[in-house]
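Once you scroll down, you'll see the structures, which are given as structure tokens.
Each of the next two complexes has subunit A plus one other chain: subunit B in the first, subunit C in the second.
Up next, the complex of A and B:
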């Protein structure tokens, strides 16, 4: 009897030691990472002749480090580490939704040194109120060639808190060969676009592939239409968000136009539940004639997974003007969304800012981004034109260079985060007609009050 | 006689058809998963239900293994999940015995208190827990996952165990006491072997719930050291669109251990749930 009891107790004890063994090991490594700086400092004191080793942490919203923007970011980090052997950069990357949740957790304590941010009120306002970002000295960036106005979204009370990564332009991609074969022409005004949509549909092809499942492309479409209706939209939008009153005639007109467009069948069947990849593949497989998306997808022209016939014939145009509208085709929907900032409580602030500045050296983000076709940077990149750009890249550069005005932040990102959420979910209802325009505008207005 | 035979034949046929339909519905997602994991990203958007890949893309699996850090994450997942299952089973057996069989003032209250845990949504605890872990230096360690995994699985496990223990005859324990058995031996040598079906139910539920958990893992962990399998899918998520084909491969690989565990313990789980439910 005793023996068996003893065996039982021993078994429990063994499990406990096993677990505490794990614990011991864990606490050790934990200590190691937490007090890394302290240890490194003492090590550095021992070895006086080498530079002090530093570990920078980067928190990024680009989890795929082998393609696109994530590859560009990783390349720059690798460059920096090879040029500064004493610096180790640890990257933690999560996709946008998880990123924003964890960002809140980090905001309570222990922000990583360099973080991805969005220069839009829906994200930045709350972050700046919490005071977790380090203000940057704007004068330092005078010769970095930032496109004029691109820093505005990252400022508060005249202080600069972050730097923009890209310039994004929204437009229609179209399949030039398909257009020529069928005798279709790029529409010169919005009515022509709708007529063209009908023609394309009759030919059994989807006119415009739309990522309606996500909500934000529709919101940008609305922004684009608002620009056509009323030229300069910044005051209208900020006014509406401040008061919660979205009954401004221009906003009503633009929303009605959006609903009319969606219901006229310009987008594919089931657009309001199909996601980014589905919409894009409709276009790249030749099942759709046009695709409404941002300039970051200009890399389609370089993507070898897309058949050559489609790939080489992708061109783009911006939203055509509407009759009696104040905006022209050269008033474009463009903004500088994502970017980077340094945490205020970073222990290696100097090194972090040095790294931030390094990323924005003209031959880093701009050059690598351009070479990888991930879109246009927020800096002047004319120096990196090789003459081998795709027609599509050139088109977007021209669109940007010839723009008479830019819209700034799309409407869904102008308000608080509840507004963004409501806008992006309700906009599908107004498009498919389950909600009236007035209801939609009052619902999104409520969230601003 | 003849008609009766005929009827039973028809009944049997209908039963078969229904069962086949159910089986197809159950198995289809797995077939679909494996089918898509062998196609290329571009073939994925054809209108057909299943794809016949032009070329079978084993490369997806290679990418999933190497770029997705599959082996490291698999090791972490297995370690964390086995420890969680072990702890949940041991604690829930002891707690259920204490609350159900031992007589003390607060036994009912403690049991209710533990069961109330079922009502707490994970998301509500996310940020407070992060704050606590950060203060006591547990973030980015195995404990940051183990503690919440055990805590969130425990109420359900306790619920099943108490129901099951109540069904066991008290006489068994009385006999054991008469023979001079102590409390530990009663719990671990007399009760535990009889709880086998409910232990496997608890084990499989804890395992499956925590195997796919991502929200807590993504918040409490930051370095790759303890990241679990769901992070593997993330490695192929782009800023706007993702490498779906490789993600399918990762998901097929992630699902495999869970499916295997389910098949192994399947016999017990249905028994365990039903018995616990009726007699609780």
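Up next, the complex of A and C:
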């Protein structure tokens, strides 16, 4: 009985298979009868369909894919995939510190095809020494409108290994309405800033929200002060790092001024243990009058999570000049930091470079970045000025256009990563007074030797 | 059955998985660490042999010294603050009986169930000088000054409080289980003899809990030496290196400072310290047992 049942089931299955085969033949016959015109139309689609599917992996340091720079990156990726249906782009995004750790793990065991990088010695020196990145042909980018000098940080021995994404300018964001309501004025020199800080503190408000827990904003503050003290700092910093001797009078003076500033109470209580988000929240919640951060946060003016009263009144100014200093307020702390590169061992190298070049087409990163208010691109953006820019965007554009000099890479990123790590940790100690200026400079000098 | 166990192939097949796990998961990584600990290596590219230079540098490294000191402080905190309280709480819970016993057992164990990341951020907010819970309570009591709970002088104590609070539940649960295993007849006998609660605790509970205390103390000291996640998320060793711990420092050097060789040297010294401490503790406890 069971045997008969099995034979029956098998017979039904066989008949069904045969019938489906006949149906397939019928469809093919129908296909053969379509008109020549339709055939031509579908020809192009067929080419695309038959193009070999490619999967590109992108490793990014922009985990927020719905706001700011991460949104811009995602938009470009989506555009590329819709224009190249055979290409699938898989994104892995981590925040900066986790990104750098995993980058190293990938370096040992195969990198993703396109990666975020930083055109600064503290990151790039070791990476290039290990031969992880694919050299690019600089001549290909002649028409991409890169700002003069912006590619320099991404080069080694004359070869280009990556492309910069932004031009970053450091400054003080301030709440204009809060300033006006309290009769405070934007300081014209550094002494005025310290006096203003005291007034703001007396009013029960935090003068400047500082992300001191991370160390690098303090190091950029030091760079900014060094620019005010000496004007052009590139030679001083490169000499100090080459020799491990940080006793140059300008560096000593700038460090003393930083320590004095921190100990005068310009920053919030506990600034040296508070992170980026906490510092930014103090400012965006109206608990702090100013926030020391880069132009990449100019998108605060468009961020609807921030109350309208605050976001519509955010303005910026650069570090005020100091008495007897050689640097003016127009000598700014600015650099081209983050960018992208292609992994040397990528199996899809050709497609990866094609995608990289696509990202940097002037109507992509630059345009989208400008439209989303994420700061200034490393490429010429003048074509995308619509007249509807936020006040912050206009202010940063003016600051950059009127700059008499730019600092280049901040001091903490000028040396090897061991120097960067030590500096970003020890700078907290010199600011909170647990380490003297001389000891601090000696400790960071040791890491360069 | 006896014949089966005397077959060497059977013995080998039973022991082999354990040996393989030990070789590949413990021994091989340690050997690799010893190898890389003698290298000048960024973790990428070529490594160059530099002998014991990494270890020489480690001896002069003030931050590593501070990290070890902090680990020692934490171990002392665990042994002399966390564990005595955990033992007393376990004894009190045992006496509570009924629903209250189950309720409080759960309440004290809750911090252990919450993820380390949540714990770290929770305490970051509690300690925040501007909007933190502690400063706001103090403000409502009339104290207007903003206290910086992570100032260099007191940051380590603030961190220790979090770590002691977080690990409290485990210690308590192990003590509680130990107390539950004590024969109730002994308590009945002591009650008949007229012993009060304190005498019962000191003369019966404590002596019978010695093996549990030994295990708990050993585990607490090893946990103090291995401390990483909470500190990494709470202060990342800062401000400066005031709350630095050995494991966190190892991570910073190996993965942030691109000193993979140096990080491995720290790892090796770290393993030696852990071994010495464990062997030392075992020796002390064994000697006491014999005495």
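Points to keep in mind about this one:
To be clear about the criterion, the second predicted complex is superposed on the first by the 399 of 449 C-alpha atoms of A that agree within 3 Å, B and C clash if a C-alpha of one lies under 4 Å from a C-alpha of the other, contacts with A are read in each partner's own complex, and residues count from 1 in each chain.
Just so we're on the same page, a contact is a pair of C-beta atoms (placed from the backbone, for glycine too) under 8 Å apart; a residue touches a chain by one contact, two chains touch by 3 or more.
Quantities reported herein were computed from a predicted structural model and do not represent experimental measurements.
By the touch criterion stated above, A:244 is placed in contact with neither subunit B nor subunit C. When both complexes are overlaid on chain A, the residue A:265 reaches neither subunit B nor subunit C.
When the two complexes are overlaid on their common chain A, residue A:416 makes contact with subunit C while staying clear of subunit B. Looking at the superposition, the partner that touches the larger set of subunit A residues, subunit B or subunit C, turns out to be B. Legend: residue contacts after superposition of the two complexes on their common chain; A:280 is shown touching subunit B, with no touch to subunit C. In the superposition on chain A, A:108 makes contact with both subunit B and subunit C. Using the contact criterion defined above for the overlaid structures, shared-chain residue A:64 touches subunit B, although it does not reach subunit C.
When the two structures are aligned on the shared chain, A:94 is found in touch with subunit B, with no touch to subunit C. Once the two complexes are overlaid on the shared chain, A:297 sits against subunit B while remaining clear of subunit C.
With the contact threshold set out at the top, residues 101, 104, 108, 278, 282 of subunit A are in contact with subunit B in one structure and with subunit C in the other. Residue ranges on subunit A touching subunit B, taken from their complex, read 1, 4-5, 8-9, 15, 19, 22-23, 26-27, 29-31, 33-34, 57, 61-70, 90, 92-96, 98, 101-102, 104-105, 108-110, 112, 276-278, 280-282, 284-285, 296-297, 305-306.
By the touch criterion given at the top, residues 97, 100-101, 104, 107-108, 126-127, 129-132, 206, 212-213, 215, 268-270, 272-274, 278, 282, 287, 416-418, 420-422, 425-426, 428-429, 432, 434-435 of subunit A touch subunit C in their complex. Residues 42-45, 63, 124, 128-131, 146-152, 155, 235-242, 252-253, 255-259 of subunit C are the ones that touch subunit A when the two sit in their complex. Of all the residues in subunit B, the ones that touch subunit A in their complex are 40-42, 44-46, 67, 83, 86, 90, 126-127, 130-131, 134, 137-143, 180-182, 184-185, 188-189, 214-215, 218-219, 222-223, 225, 234-244.
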